[in-house]
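Chain naming follows the written order as A, B and C, and within any one chain the residues start at number 1.
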Amino acid sequence: MKEGRTHEMTVVVEAQRITKEFPAVRALDELTFCLEKAVIYGLVGENGAGKSTLLNILFGVFQATRGELKVAGEKADIRNPAQAREQYGIDGVFQSPTCIPTLSVAENMFLGEEAAFHKRGLIDFRKLHDRAGELLSAVGLDIDVTLPAGSLSPAELKLVEFAKALSHDPEIMILDEVTAALERDDIRRLFEMMRNLKREGKTVIFVSHRLREVLEVTDSCLVLRDGRLVCSVKTHDVKEDDLIELMTGQRKGLTFPERDTGKKWEETQVVLSARGLDMSKPAVLKDVDIDLRRGEIVALAGLRGQGQSDLLRCIAGLIPDYRGRIYVDGKEVEMKEPASAIRRGVVHISDNKEKEELCLTLSVLRNLALAKLSSIPRGLIRLKKEIQDAEAFRSMFGIETPSLHQQVLNLSGGNRQKVVLSKWIRVKPRVILADQPTAGLDVGAKMDVYRILRDLANEGLSILTVLTEMEEVLNLPDRVLVMREGQIVRQLSSQGLSEDELLRSYFEK
Amino acid sequence: MIFIIIFVVAEILQPKFWTIDYLNFFLWDLSLLGILALAQTMVMLSGGIDLSTGAIYFFSSSICGALMGITGDFLGPFVAALLLGLLLGIVNGIGVARLRVPPIIMTLGMLVFLSGLAFIVIGPAPKGGAHPLLIMLSKGSTYAWVALAIVLTVVSERTSFGWSVRSIGSNPIASHASGMNVERVTMQVYAVSGFLSALAGLLYLGWARTPYIAFTVSAMGVDITVRSIAAVLIGGTLFIGGLGGFDRTVIGTLITGTLFALIRMFGLGQEVILMVEGVLLIVIVYFYLRIYYR
Amino acid sequence: MLFWASCISVIKEFQILYTYRSLLLLASPLLFAALGETIVIISGGFDLSVGVIVSSATAIASLTMYLNPFLSIALVLIFGAAIGTINGLGVVKGRIDSFIMTLGTMFAVNGVALVIRPEPGGYIDPTFSQLILYTVSGFPVTSIILFVIVSVTGVALLQRRNFGRELYALGGDKERARRAGIKVDQVEFLAYVISGICSAMGGLVLAGQISTGDATIGLPYLFNAFIAVVLGGTLAGVGGFLQVIPAVLLMTSIPSLIRFLEITTWYDFVVKGIILVAVVAVQQRITGRGL
């Protein structure tokens, strides 16, 4: 039937054993696949499966450690996004925004390409604005293009980026989690445009945690699991449950501290609770209720970016603009700034250690004192005591550093995390809000952290932690709260928790 | 360190340098700049900058001189001038910490403001004089400088205030997230800077005996302010990171001073000094950046 | 934008009070310097060497003009470009903070200027001087022309050329600009070179106006230029030369205004200082941004 067409003519991307290794983890493991023209692909997988990494490699943000990539039949060495766009026709909308907030929408859309609008050597703004307006109408966005990009809503920004990508007429269009911010009409229009692209012979890669959407619009699905390609299936051959089954991961061989799955938690005292937490900036939280009891470890699970971190930050006082109530020991507290939380024994460990927890250029010793500084009597630091405490933590947690005066900058990720934990434990907290405490750590460090957390819980601390890896969620906490789009959608206890059930709750049907 | 090299070179080239008398004079001459540099160090450790130190220096010294001329007292004018410096520093602090005006602009504004204010309040030919007690105290400027350096180093290393200052300089976000009152510490930093600048100004008065306002091209005290910043930078306390320290500033001041003196001794003009300082600044900072970041 | 309106209205006041003709004359060198500073500040840095380049320009001109006025002009411009290049290299390649880097060059160039012209003096070609000061029935024609050219070029460059847009992008969010494919290093480097050239040109105009070379005359230009830029609502990634222009006029006219109002001359500093801080504080409130 179609024997006239050779393999090369239909294949636009060919990947051979693509592997990507980071210092602590292998994100992609010998991925081999082909992408054809005029097909809409869905890319699915849970956290850490490697989706983002693969897309970043295609777009030139990373390079593969091993393996070969061919685009349009030729070997491709994509070193940066500009090259990906111009040379290989790969473009799209990604999770980290590219718009510069102080420039106008129109300027952002044509940044770097203003030459096309030159009239007598100067940028013709009318032409620029008109063209921008045209492109935006095509995607259904009707806004004033002279507004600064920083004033747009997340939905509008996504559409702008989509329009921008479209204007480059890429051969391969990548859409990474764009639908979550959009309205239903926009989504419908988006799908229509995706089908248009397919008709024009382009390739589309669509990533979404809403399986329904994936099943609706894609022709074929690539399922990733632990960095490997599990399989590539035709969409009309599968149902949601099949996909979820395919995504189910395998054990990595981590061991977890024992926990008491039979404990009657209802009888334990509630230490922290929140009712009706709600906000729209910087992220969405919708009417969240939560209770935290003494000695429990509760995990906030779900796919990344569903509001888990924001919930923690809100409780920690890092987001003063919230609606709802927070209670510590039954008394209502206004969490307007971190100090209010810390004073009541509620501490927060950020997922962005380098930015929010550590003074990188300072020594381990000084970093350990950070949280205590405001409460030192008479303002005099007893150096001996500081060193003593530091030594104690060092041996207790196994912090590897040649000396306590070493700059934290020089410590590995795992050791940095231990420093952060130590810093907070020093102020004798009652609640620890830990945001992805094991992110980026190697296996050994991870297990150390699990042990520390469980020990602390056994001593009576309450821990609310955001966990992204399936195995952790299944084995570490006493209770799991699954979040999706800013809401807690399910509560599961550690008793009889199955991966299948958990994963199911991550994805929307 | 480099300083030792320079010192040795100085000795070789100009044996006169090593006489006790000269050294005494040299250090004493440098002490005022040194105190200003210490003030600047405190601000820079917190991640900011204070362009108004020289202005506060001259302003408070002139006010003190005027007051001393009028009342003939020592204590009143002395304390008043110091409080003035403190107050001006607090104003800087409010601008930076509460109003979130970038330090460069806030202290620049203060500098310009004081320049004008000085002439209005005091006039181009300020009257007044220095109380004999002040003149006597001023002879011991070197000791004041050294004492301050020691005190500040202790504060920086052994008090929670000192540690807070450095952590704010290194990462204000993390410091805030750790429960520190960043605003309050920042205000205190600028207040101290103002106070020290005023103190240096008083010692200056004791030496000059009559108030004087060094109007270096349209703003007051710019020359000495910039020189003190250079000394701090050369000493290794940069705008980033909460790294550096008062001890290093002392060395930086000494290096600057030595160079200055050396060049003067060779009869070379101020121009050469400036050029050398400029190049030196860039070169040294470049190397420091290399060292600090891996 | 309301800011622009208030600035213009203040200027309009002056026009009633006294001659705006001499205002343009006086303001021209500052305008050049302010353009250079504007460009660097939008890119997210500082250029402290502006003042000393102005001084050096007058010094070099006064030294070389007796040879050949055109050669002299060329030398001055090359000098400005050279200093700008040094600044640019230090900031972009050496990754030295722009404040420190330009502070260093400020020192160094100041020294150079003093070596070249220790005392004010020297020779400025009278024809050149006449050209700069050329007046027709009270209207400083050349100044007006220069003023207009600089204004138009400055605004056009920043608003209507790729370079300008990229400059704003760089100042707004350097990393995102890089990801968007902009050659961030090149743009930043050019900003400093252009600043150097602008300051040099300003110095040339000044030399023509005062007919001497003076190595110390430049420092006020740094202050005034900087304050004018900030008053003009221009910080990293925001603002523009259009707003800086009235600020330049404002800065130039404050001394005269104060004289007119018969207040002591030095009030102008007080006023400038307060304005500076007040304006920035208000700006911070409105935009919630940092420098």
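Going forward, a contact is a pair of C-beta atoms (placed from the backbone, for glycine too) under 8 Å apart; a residue touches a chain by one contact, two chains touch by 3 or more.
All values reported here derive from a predicted model rather than from experimental measurement.
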Maximum inter-chain contact count - chain pair: B-C
Chain separated most widely from chain B, comparing mean CA positions: A
Averaged-CA centre spacing for the pair chain B and chain A, given as whole angstrom: 47
Mean-CA-position distance for chain C and chain B (Å): 29
Interchain centroid distance [CA atoms averaged], chain A/chain C, Å: 46
Of all residues in chain B, the ones touching two or more other chains: 240
Touching residues on chain A, where the partner in the complex is chain B: 318, 337-339, 342-343, 348, 350, 355-362, 366, 369-371, 373-374, 376, 379-381, 383, 409-410, 423
Chain A-touching residues of chain B, taken from the complex the two chains share: 157-164, 166-167, 170-171, 173-181, 240-243, 292, 294
Chain C - residues contacting chain B, complex: 46, 90, 94-97, 99-101, 103-115, 118, 216-220, 223, 226-227, 230, 264-274, 276-277, 280-281, 284, 290-291
Contacting residues of chain C [partner chain A, same complex]: 156, 159-162, 165-166, 168-169, 171-173, 176-177, 179-182, 237-238
Residue ranges of chain A in contact with chain C within the complex: 80-82, 85, 97-103, 107, 111-112, 114-115, 121-123, 125
